[in-house]
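Residue numbering begins at 1 within each chain, and the chains themselves are lettered A, B, C and D in the order written.
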């Protein structure tokens, strides 16, 4: 899958950790969301340009899940590898793996839906444009 | 100042605390902001109704400050007392005090500006409407 | 399952919401974690008493997952129903459902492991004590 | 003050912003705290080594304050310049300035106290060791 993914490095800080000195787990989902923005960025997209260019409401989450394999603490660098692994008609699935050095920290995914507007003007799932999909193949 | 303030009780949870088992300080500002929403609510206002009713952009923060008097930890109930203590032409100052039981935890304030739109349509400080101010006197 | 679960009400605030005015999804996991603390509390337990009474390191998360069914916004009250639905030898599974009024907002679960210390003193999964399990049956 | 400060660059992400699409202000304090860790790091210090080397409990915040000069939004890079500007007997004051490109975003400070242990073993303010202070002069 060379060339199809994005990578995000974050330094874990004091404020990310709980009383046990390890990352408080909801923060991993914040970083997965950040890595999704990195995927968009690397494909020349952003939520702003997508709203303007494609007229969508957004690309909200419908499911998120993660396995936590090892703990991580402040001052460590967390490297997150992100990739869109499945394209549905109106949805996509982004997968994430987090490492501190060689130590696997977590694996997770997000399912997101392409939210346009139905004929009544209300938000509704819509077909993902081919141009958007192609932007990731090229990145 | 009886009858002019609002009170917000929050239960401090695991995820609010750092490695020393005490509240990570930026969270106090989150709670001050929450207590400001409580002030609005108790006066029959909300950011949504204010945007619609007064046509403002918002009431953004221009300064925030706090003294931290004692630490607090998860499972404790933090009681926040909030009050608008100063009304300027285009700004206001809300003051906050936090307690766990009788133990003073923090004292802080927020300065916020009434952000309308100038004649060119761009966001600009504007005069706070008398009706808005009166809503707090009555609450 | 009457009498076996806990309930947590939280008011969604401005700071929980993103640019679309809806809850930023990692916050739901923060609330799931908060609801887990409520489960402990209702059973007369807490992470502190469990460390002291059972000598554990903690009860860290190994998996977390959620489906997001509808969006929610600031000023709404989110009611979270929590329950421990599965007890393994060294792990448990807590399930959560979130509602705003009658509107289902999310469903999720956390898998957590009972982390004691092995014979070498290092953290290791350990058998969940019967007394801990019984505390929930009684609550 | 050349050579005495530290710099931290953070990319503002979706999850840092509120309904108005701008950074929710408590996040700036999280970043100020992160920049304080950067100051420590650049001086060869960390909260962990300080607890071990100096036997302190920590270096908790006693006051935090910021002026917000302009808003910032997701995808922007926020550059934070940090510096310890005042050394007291038992406390220090760190100052921060944030910029997006040439645009000043905020200015703030933190007052922190060197928390050791008194003769009764309880946490108490203590004299900042000369060696710690010198670490910053040299960095």
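Assume contacts are C-beta pairs under 8 Å (C-beta built on N, C-alpha and C of every residue); 3 or more make two chains touch, one makes a residue touch a chain.
Since this is a predicted model, take the numbers as computed values, not measurements.
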Shared interface partners, meaning chains that touch chain A and chain D: B, C
Chain whose average C-alpha position is farthest from chain A's own: B
Separation of chain A from chain C, taking each centre as the mean of its C-alpha atoms, in whole Å: 24
Distance between chain centroids, defined by C-alpha means - chain B, chain C (Å): 29
Length of the line joining the C-alpha centres of chain C and chain D, rounded to whole Å: 33
Multi-partner residues of chain D (at least 2 other chains): 14-15, 19-20, 24, 26, 30, 33, 47, 74
List of chain D residues in touch with chain A within their complex: 11, 13-15, 30, 33-34, 37, 41, 46-48, 74-75
Chain C residues touching chain D - in the complex, by the definition given at the top: 14-15, 17-21, 24, 26, 74
Parts of chain C lying in touch with chain A, wherever the complex brings them together: 19-20, 22, 24-27, 29-30, 33, 47, 57-58, 60-68, 71
